[in-house]
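Two complexes come next, and they have one chain in common, chain A, joined by chain B in the first and chain C in the second.
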Partner chain A sequence: MIPQFLWDHAPAMAVAVPLLAAFVCPLVGKYTATGRKAWVLLAAAATSALALFTAWRVYTLGTWVYVFGATVPALSVPPDSGGIPIRIIFEVDAMSALMQVIVAIVGFSVILYSLSADGKRSGLEAYYTLFLLLIASIVGMVSTGDLFNFFVFFEISGLASAGLIAYRVEAGRAVEAGLKYFVVSTLGGIFMLFVIAILYGQYNALNIAMLAERMQFTVLDKIALVLIIGALATKAGAVPMHFWTPDAYALAPSSVTALLVVASQASLYGLFRFTFTLYHLSLNAATVGWVLILLGVFSMFVGVTMAIPQKDVKRLMAYHAISQTGYMLLGVGTGLAVLGNQGMLDAFGRMAIAGGIFHIINHALYKGLLFLTAGAIIYRVGTRDMNRMGGLGHKMKWTMIFFMIGALAIAGIPPFNGFASKLMIYESVYLFNPVLAIIAMVVSILTLASFVKVFHSIFMGPQLPEYEHVKEVPAPMLLGMGILALLVILFGLFPQQVVDLLITPAANALLDQSGYIASILGGA
Partner chain B sequence: MFANLPYLAVATLTVIGLSTVLLKRNLVKVTMGLNILTSAVNLLIIVLGYREGGIAPIYTLAPQTYMVLPTPQALCLTSIVIGVATTALLLSFTMVIYRKYGTVNVDEIRELRE
Partner chain C sequence: MALTLSTGSGFWNPVVWLIAIAFVLLVVYLLWRQGEAGYNRGSAQVKPFISGNPEPAKKAVQMPASNLYWGFTEALSGYYARVIPAHTGIVTDYLLWVLWVTAVLFLLVVIT
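== the complex of A and B ==
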């Protein structure tokens, strides 16, 4: 039923399809605007289908190794290469597959939303080219098994995001935000290239599995680790390197912001991939774990306290995004800190990692949803200032419901998905260090307080005379938000099934370094 | 001493580039700083793959098999291409900013500083 070439080449096509579609997009748009919409939607649907198919195969059949240019796509070490994987290799394990699911879902809903939200802007051919490029680069980042390849996709995602953030050039501030983001991102890229040079100079390899096998953890490797954590944590928007996040998230068009959240999480994925798979036990796990935990705690706390006084609705949500990233770092960092201790790892470490990973997917869903609702409000009202909004609940009922779902999910109220993952983080982190769990809970309460205020000032109160003409947003926008809202509820109602099906395999894949190496080098 | 000269060059370029990016307020200079940093990394990669007396890694009709490593050169080429794209985008941002505000000094244009 499924064609043979899909069985053979789906991971490569999940990158190739959006990449090619991106550059055909201006050509199609030159002749027909409707055709361009159809083309973009088709490309997004095809990419999502490919990513979901890849993920499904990985979850049922195990890690999928795809070798570019080999006679057989699974032949990672050619017989005449002397035991070295010489080609570019995609290695999609359960963790990568989970990220692909996120990209597939959020990417598709966001494109659907964007087709009507951004339909009247100028320069759309470039806009959608960058949009599809960003999707392609995220898929590439999460599936590649090659360090240099990761760097290339990292740079593509930086270029595409910067272009999209600065998309509204008529507002000088958007360009400033784009520039700020891009300087940071380029610096991160240069750091990463330094890391690649350091590792290649020592171990003569670029393949992550090969490097992981040869890793000695010398002084140079420590420097490399610091550089790479710096680069990726910055790109993920963790405090104290968060300064670009509020500007970029607030000034990009809302559909872009929702995708930027996913792009940040791809960087977070990179951070976890390098610490767990590349370094694993060779590093001093407790120290590095604590570094991640501290980054997480600072992000949580600073993010939420900065969010409370904001008046700009998207800026406020951006600070909350920083704060939520902290939860993921806290969960996975706790797992990393007890990596060397089998008893503690089994008691709560695995659960902490699973909670952190579960929070990644939940965050992508509800934060994407929240940014889209913010975009819907701005689309109708024309301002980002919450003090000038009010009484919108009378006219925009669906948007209000979606906002409520997103807000309750981010605050961790049952039965929404944020509750499920936060509970896992609280429980496991409490066993590790009660103080951290209490901080996490306090942050959650502050988040709820902040969103209650926002909800009240946007939707409640009497209808304002200047918003008489305001209507509900068009159907494609509602549909895009609806997909995400539905998943937020489903993930919240059936957390156990989701954890068993999607999250636990991903957490195990992250922990299983020898499995990752073995699927490339064989045996081991 | 002479063998380590390229590494000293890398270190010097890195310091110059990093301090330019972090200390200069002019956006054109920041872009230049990023370029210098990229060159430093490129040089590092090339130096790592260099062998004294090695020839270009082309196997057809090669007089000897003692060659410099080809992979670092491929990496470096990719990195140069990415660097060009980066520079182009940064400079076009700078251009838009100059048109909007009439200056490229970050201190004078920071609307976002809140």
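== the complex of A and C ==
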């Protein structure tokens, strides 16, 4: 039933298809705008299908090692290589597969939405080229088993994101936001390049599995770890390295912002991948775990408190994105802090990690949805200023319903998906340190308060005369939002199924360093 | 049970919540049914009654976003007076924050 080339090459094709489609996009767009739309949609659908197929195979058959240019795609260590995995290698385990599921769902939804929301703008050839490049880079970041490749995809992601943030110009403000993102992202890239130099200089390898096997945790390795945390926590938007986030998220087109959330999560994936898989027990788990926890707590609190006084709807949502990243850092950081203590790891550490990972996919769904609803509102009223909005619930009922679903989910209100992952984080973190769990709960209450304000300001109140002729957004935009809203509800109604199917295998993969190493080096 | 999420030290079943919501919706429906059905749309019957005073312009009764949670931000004014100015919007400040945090991490991770 499934063609052989898919069985053999799907992980590579999930990167190659959007990459090729990106560079063909200007050519297609030169002749026909409708053809370009069809091309972009087809490329997004094909990429999502490939990513979902890869994830399905990984969840069914286990880690998928793909070696570029090898006679056999799974031949990670050729007999004449001296035991070194010399080629470019993708290693897709359950954690990587989960990230691919996220890219597949959100990537397709936002492209569908964008074709209608941004369809009448100029410069769409470059826009969709960058859009597809961003998708390719995210898939690459979460698939690769090689540090240098991670850096390459990290840089592609930064360049494509900066271009997309600056796309609308907005009297220079979007360009400024794009430039800021570019500068901060470049600093992260330089950090990663230093990491590569440090590790290659010591271990003569850049394959993550090989580096993990040889890791000594010397002073240089510690410096590399600090640079990794600095670079990837900045790109993930953790406080106090979050300053680029509100600028970039607010001024990028909303479909781009929804995808930027996933790009930030790919950096978070990198942070977790390197701390757990590359360093694992060789690092001082308690110290590094607490570093992640503190970054998480600062992110949660500063993010939500900075959101409350905002009047720009997208800037407000950007601060909430920072706040939600804090939950992921808190959950996974707690698991990392007890990594060396098997009793505590089994008692609550695994659940904390699972909660943090579950929150990654939940956040991608509801925050993507919220940014798309914000985009729908801006599409119709032409402003991001909530002081100038009101009464839109009379005319934009579907958008209002989708917003309510996203808002209740982010606030952790049952039965939506945000509640399930937050509950896992609260209960497990409470056993580790009750104060941290209480802070997390207070932040959720403040999140709800903040979104009550947004809901009231935008949708409630009498119908304002200037918005008398406002109508609901076009069907493709509603469909894009609808896909995400449906998944927010389903993940909330069937949380245990999602945990069993997607989350627990991902958490186990993150903890199983020896399995990750054996998948590459065990094939020698 | 398939719908029950196990959290290690507790559990969560969305069905319970759905039953509660269904019950609340039923109560809401029963209350709504008690309302007057025979009113005239567009007549004075559906206009807001403000003790006989004329209805203000729609814009005048809309509560803008900036006015909400004034008490909260005022109570935390000391906190906001420090945190908001830190968001300068200047990219070199952003870089400095990254470098400062990296320096602190360096002390924490390398020395411990």
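List of remarks:
As a convention for this text, the second predicted complex is superposed on the first by the 521 of 524 C-alpha atoms of A that agree within 3 Å, B and C clash if a C-alpha of one lies under 4 Å from a C-alpha of the other, contacts with A are read in each partner's own complex, and residues count from 1 in each chain.
Here, contacts are C-beta pairs under 8 Å (C-beta built on N, C-alpha and C of every residue); 3 or more make two chains touch, one makes a residue touch a chain.
Keep in mind the model is a prediction, meaning the values are calculated, not measured.
In the superposition on chain A, no contact is made by A:Gly522 with either chain B or chain C.
Within the superposed three-chain model, A:Gly178 lies in touch with chain B and out of touch with chain C [touch as defined at top]. When both complexes are overlaid on chain A, the residue A:Gly163 reaches chain B alone and has no touch with chain C.
Contacts of A:Asp247 after superposition: both chain B and chain C are touched. Using the contact criterion defined above for the overlaid structures, shared-chain residue A:Ile190 touches chain B, although it does not reach chain C. In the superposition on chain A, A:Ile308 makes contact with chain C only, while chain B stays out of contact range. Using the contact criterion defined above for the overlaid structures, shared-chain residue A:Phe148 touches chain B, although it does not reach chain C.
More residues of chain A are in touch with C than with the other of chain B and chain C.
By the touch criterion stated above, A:Gly83 is placed in contact with neither chain B nor chain C.
Of the two partner chains placed around the shared chain by superposition, chain C is the only one that A:Pro465 touches, whereas chain B remains out of contact.
Across the two superposed structures, the residue set of chain A contacted by chain B and also by chain C is 179-180, 183, 187, 247.
Chain contact summary for the complex, chain C toward chain A: residues 2-10, 12, 14, 17-18, 58-59, 61-66, 68-69, 72-73, 76, 79-80, 83-84, 86-87, 89, 91, 93-95, 97-98, 100-102, 105-106, 108-110, 112. Only residues 21, 27, 30, 34, 37-38, 41, 44-45, 48, 71-72, 75, 78-79, 82, 85-86, 89-90, 93-94, 96-97, 100-101, 109-112 of chain B touch chain A when the two sit together in their complex.
Partner chain B is touched in their complex by these residues of chain A: 148, 152, 155, 159, 162-163, 166, 169, 172-173, 175-180, 182-183, 186-187, 189-190, 193-194, 196-197, 200-201, 206, 247.
Partner chain C is touched in their complex by these residues of chain A: 179-180, 183-184, 187-188, 191, 219, 222-223, 225-227, 229-230, 233-234, 240-241, 243-244, 246-247, 283-284, 287-288, 291, 302, 305-306, 308-309, 311, 347-348, 351, 355, 386-387, 389-391, 414-415, 419-420, 423-424, 427-428, 430-431, 449, 453-454, 456-457, 461-465, 492-497, 499.
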